[in-house]
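Every chain is named by a letter (A, B, C and D) in the order it is written, and numbering of its residues begins at 1.
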Amino acid sequence: MISNNPEQWLHLERIVRFGDTDAAGVLHFHHLLRWCHEAWEESLEKYGLNSSDIFPIGFQQQEPFLVALPVVHCEADFRLPIKTGDHLEILLLPEKTGTGGFQVQSKFQRGGGDVGFGLIRHLAINAQTRERCDLPEKIQLWLEASSVNLGPRSL
Amino acid sequence: MISNNPEQWLHLERIVRFGDTDAAGVLHFHHLLRWCHEAWEESLEKYGLNSSDIFPIGFQQQEPFLVALPVVHCEADFRLPIKTGDHLEILLLPEKTGTGGFQVQSKFQRGGGDVGFGLIRHLAINAQTRERCDLPEKIQLWLEASSVNLGPRSL
Amino acid sequence: MISNNPEQWLHLERIVRFGDTDAAGVLHFHHLLRWCHEAWEESLEKYGLNSSDIFPIGFQQQEPFLVALPVVHCEADFRLPIKTGDHLEILLLPEKTGTGGFQVQSKFQRGGGDVGFGLIRHLAINAQTRERCDLPEKIQLWLEASSVNLGPRSL
Amino acid sequence: MISNNPEQWLHLERIVRFGDTDAAGVLHFHHLLRWCHEAWEESLEKYGLNSSDIFPIGFQQQEPFLVALPVVHCEADFRLPIKTGDHLEILLLPEKTGTGGFQVQSKFQRGGGDVGFGLIRHLAINAQTRERCDLPEKIQLWLEASSVNLGPRSL
């Protein structure tokens, strides 16, 4: 069931957990990039895709897994301390990046103010040969639907 | 705002993410214990407590942090392979364990069948001296409310 | 190159890192079970096995991956607070557990005193059918070599 | 005991573990940034500093913790698939970034070829007020010693 309102899959929420912090009392940095990837997965799901359409599920895979989407670059900026129990809003901005690539920017807000920012860039490759290939059609549909109605925008 | 229906804070959900798996294609084991702790945190929150009442928030703590609740024991059993995108139900069973201690059992189900089980046991200690002490009153209230209406039960 | 002195692969070391802690200032519990698995991997390697003999390496696997060794149970006890920079000694005690199964106990010490304990139990299964099978021969050799010279012992 | 040969603390090693991978069979991306932070910690230690001089150790801290070094930016590039058991070399390039800041670049190599790259940028802040301040003297010494003998270089 495909949603047609991008707000439903590009505007997510997350609550910070105790294990996300370190002995300085605030978010240990790399968890933010984990959150970015998990937000991307949640976005695909809320848009209407199945995880098994996109992600390999190992040796029990019934059909061969054709296209992998490895991360080729990621980055993050940290603006304000993030603490256990913080309720964060996550705004996603997915974009194509040339043939066979795309990136997802994630802006993290608390009470309307920015606290952090992350970006993950993926490239489509043939899962067997590891040569570059086109994006899977379902990812293309999600990318197009994500820009419809929103017009050009930036985080 | 305190809820009075334990179903609301003892029956949770979780979707498995790609980063929770390993190269065997299924859940990498120790993430299940992370899920147990996060489910406990979510339960306290849904019951009506603030994270800052229970968890230390570091150097900016305005009032001294009095009682820590370190994990003294944990265990987990794995029944069926758990894969990316699986929608899991989590049933929590919190219990007091003598003076100043409690444990939370977590049963993980998929489509009504058990896939895994976890348990975390905590002890209350004075955060400065690290000597054993009574459970914080708010944890006691959550433990009592968690057994009300449910009667004795087991996972 | 197979070592024949179990001390070389059953007596390991680990230094605690900042990201292993949480806002209470000490080890966040589930990392200890990650350490147990990593210590097991290091032990196999120091004994003389290749990771690719034991662990799946994904879609580029040249020969089919035959036997998976999923974790079916794990547990841990926490005795003393563990902090960033602590130098820990890890003593491993591997044992067969019936046909097609084994477990590895890990005792963590600091300055000769116990600070924590972990246990991981594995079962051998056919990677395609997921039915129980015999342990891979190389794991059996490591298990036998791990008990030679040591005699019966306990952690 | 302070070392005076930067090769000893800027040239490290790491073996990839099974739990670092995901169901695509290779490194799950964000662990590389964990490795970067852990490599920085190892570098400080091999240079001759104590963790407790640099990192907070929680409520039992005997002297007040004065200067925190939060991560303000991080990024990573992924060049080749990284698998369980890979032996990686890590080359560190620490640099001051204006007053009160520094960054550490980490190049990951396997068999002499580049497989990945990471960067973490820190800012010194007063741990109580969270206002910017000078770098701790010990970090300054490590930064200076890290550039001595090496001359200007780049990864």
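What to note about this one:
Following the convention adopted for this analysis, contacts are C-beta pairs under 8 Å (C-beta built on N, C-alpha and C of every residue); 3 or more make two chains touch, one makes a residue touch a chain.
Bear in mind the structure is a predicted one, so any value in this text is a computation, not a measurement.
Of all chains, the one whose mean C-alpha position sits at the greatest distance from that of subunit B is D. Taking A-B and A-C together, the pair of chains sharing more C-beta contacts is A-B.
With centres defined as mean CA coordinates, subunit B is found 27 Å away from subunit A. Separating the CA-averaged centres of subunit A and subunit D is a span of 26 Å.
Subunit C has its Cα centroid 33 Å from the Cα centroid of subunit A.
Contact of a single residue of subunit C with at least two other chains is seen at positions 18-19, 21, 23-26, 30, 34, 37, 55-60, 68, 81, 83-84, 127, 130. On subunit B, the positions that touch subunit A within their shared complex are 15, 17-19, 21, 24-26, 34, 37-38, 41-42, 45, 50-52, 55-61, 81, 83-85. Listing the residues of subunit A that touch subunit D in their complex gives 23-26, 29-31, 33-34, 37, 55-58, 68, 70-78, 81, 120, 127, 130.
The touching residues of subunit D, counted against subunit B in their complex, run 18-19, 21-26, 28, 30, 56, 59-60, 65, 68, 83-84, 127-128, 130.
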